[in-house]
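Structures incoming, each one as structure tokens.
Presented sequentially are two complexes of chain A, the first with chain B as partner and the second with chain C.
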Partner chain A sequence: MPATIDERTVCQPRNAEFRAWWRRAIKVIEEPGVAEDDPRATPDAISPERLQLADARIFHLSPIVGQLVELWNEPEEDEYGRLKPTRHAFDTSVQFLIDAAIVAYPRYGIPAGCASTDSECGVRIEWVRPGASVHLVVPAEENRPPYVYHEVGNDYATEDATAERLAYWLKSID
Partner chain B sequence: MRIMEALSCSAIVYRAMSRKKWIDRENDRVLPAAFIRRPPPQDESGLSVDIASPRSCHETLRNCYGVASLHVGRARDLRLDVIVDAPPHANIAGLPRQEDDRTEAEHLASLLAKQARIVPPNQYLDSA
Partner chain C sequence: MVTWQEFTLRSVYTAMFTPDHSAFAGSRVVATIMRQFGDRFSGDMQVLPIPPGFPPEFPAVVLKSGDGSQEVSAGPGRFNCVWKETGPGVSVTLREALDQCVPVLEHYVRERNVRVERLGLVLQRACPNDNPALTLIQRFCTEESQREPFNRSATFEIHNHKEYAPEGVNYRINSWVRCQCGPGGPENASVILVTQDLNTMATELRERQFDADKIGVFFSMVCDEAEAIIKKYFPK
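After this line comes the complex of A and B, so read on.
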């Protein structure tokens, strides 16, 4: 692995190398010390692997993860509601992005998108273009399934999220 | 007693951008996230809008990251309505919540976002 990562270096390796690198990058760290009185509180830090992913300049995956890291560093709440994503929503959305990038590789990449949180600390990632839109919605808590919404021309639907379906619909996004 | 005032289809209403991530600054557009109804007890009557002006809308929040305008008639084309309850406050009524109908909630949020236009800040902020 080169010391300096740019899109040319990370987008070229053989699939097995790519997959192994990603797996190291997304390794989930067990989270100790979540406040017992509020399961949505997210006091602990982001793992170094995910910060590395946000900084890796992988076109356009790192910018989206970077937006999620920004949200992670926001206050717990604002006038509108909860602001900072839950650990579950953060981890699950990053995982979907990475897995979708693996599925799409090498024919497609993850297009530029916009990440936000809902008022309950769930994550939304939206890819909006004139002719097509895709939304990945990851609720704050595990008891509600993440889903993918797509809109291509006049066709639209939602389905429970999988990396394969996310990658499939992201092909519609220029 | 609630005031139920009918707006004309040509009326323009304004939605405050409560979150900076509701605006795609690179492409200067409002994102669907701005039109998703919150779970109860929030947004019981719909999504808040202001019927008076961009400035009035901007002043409703301590931290307002922008103002988007919408034509009432175009919202009605989506079988939604804008109902005034306490002027200048009104609600976009008819949007389902995600937990009730996630597909329609996303679709209508997407359509409203496409209709919305970001109001230039110089129309509601005092110049320095």
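After this line comes the complex of A and C, so read on.
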């Protein structure tokens, strides 16, 4: 499609534009030696350069979300109890993880953790380290608020879950 | 002469444009897509904050399949689902690629109750060719033009745009076809590239709104259109 923006096409913005905006978004310095677009070529939807810039240290997030997807695909229950989270618990826990990763970025990332369901189909995500742990608990139903429980040394407490608090406590144990 | 049957599909972009930018939240996109298509988009995940002034059509969320052949990217003003060829020997029809992509768009619209005012399909096909410029010139230019001025062309492209109302729908679309020369594919071989872009009119945004069912109708229609068009450009 044409090199200039033409509203009759649906092509994506050019790589240079992506890079400029993503520099602002994630506050990183552009890597030297990134090749410019060939103006004769159709722009890709997302350039490889942009994908590099957008490698937002959401490193352990995919595995945790992957665990949640596995739980979501489980049967409703087995002989030990219910396995599959409710839709509310699934959606809310994924949203907390993503929003906490955004809060944390670019200073630090979300560490590796372990997801499971409770007997009522709520979701529990735990980050357990020697001498410290953080637990995100999302009940099955909307009328019960999610919370974050932490134990760091002799300090322990439960508080309403927010992306900011989850990111804060995860930083302290990473 | 090259025929349409010699082309293989390289990429298929399905795009929908969402005017309610403030309703966008990357975390909700991830939850909505992963709940239904989590097994498929098990590859790298990227979600980033949206700073003030961020262009709404830029993606803030990227979800990929494990083999890299499929991808969802979403920003406040645009949601894409993409199929890409991952290597030689994988032959996929346009209909098969759309059968992968379109349900993702439909699911997102149904689940998030998203308003969609514009749709687009951009696809690229490639055909190996030793001399793409000469082949395109011989196909599309008169004998006089072949002698002069297109006698020593290193690269050549034609670009055609139409606006029309296809059968079966009550709106007009843009239809672009661009035939180019280029290296492509894993071996960077010399190829003829054909890019097709079929999309609803930007000038009719206020008059159009596409729910999940209408999205399905649009992509089925443009699939047929795109297949008919390539056959006209490179007939048997």
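Definition applied: the second predicted complex is superposed on the first by the 116 of 174 C-alpha atoms of A that agree within 3 Å, B and C clash if a C-alpha of one lies under 4 Å from a C-alpha of the other, contacts with A are read in each partner's own complex, and residues count from 1 in each chain.
The criterion applied here is as follows: a residue touches a chain if its C-beta (ideal position, glycine included) is under 8 Å from a C-beta of that chain, and two chains touch if they have at least 3 such contacts.
Given the structure is predicted, the values throughout are model-derived calculations rather than measurements.
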{"item": "Partner chain in contact with A:105 - chain B first, chain C second, else both or neither", "value": "second"}
{"item": "Chain B versus chain C as contact partner of A:170, first or second or both or neither", "value": "neither"}
{"item": "When both partners are placed on the shared chain, which of chain B and chain C touches more of chain A", "value": "C"}
{"item": "Chain B versus chain C as contact partner of A:78, first or second or both or neither", "value": "first"}
{"item": "First (chain B), second (chain C), both or neither touched by A:136", "value": "neither"}
{"item": "Which of chain B and chain C A:95 touches, first, second, both or neither", "value": "second"}
{"item": "First, second, both or neither for A:124, with chain B first and chain C second", "value": "first"}
{"item": "Touched partner set for A:68, first chain B, second chain C, both or neither", "value": "second"}
{"item": "Chain C contact footprint on chain A (complex, rising order)", "value": "1-2, 7-13, 17-18, 21-22, 24-26, 40-42, 45-46, 51, 54-56, 58, 61-62, 65-66, 68-69, 72-73, 87, 90-92, 94-99, 101-102, 105"}
{"item": "Contacting residues of chain C [partner chain A, same complex]", "value": "13, 15, 17, 25-28, 30-32, 34-35, 38-39, 42-51, 54-55, 57-59, 62, 71, 73, 80, 82, 118, 120-122, 124, 155, 157, 159, 161, 163, 174, 176, 178, 180, 182, 195, 197, 199, 201-203"}
{"item": "Touching residues on chain A, where the partner in the complex is chain B", "value": "67, 71, 78-81, 83, 112, 114-120, 124, 126, 128, 133, 135, 137, 144, 147, 149, 151, 156-158"}
{"item": "In the complex with chain A, residue positions of chain B that touch it", "value": "18-19, 21-22, 24, 26-27, 29, 31-33, 36, 38-39, 42, 61-63, 98-99, 102-103, 106-107, 110, 113"}
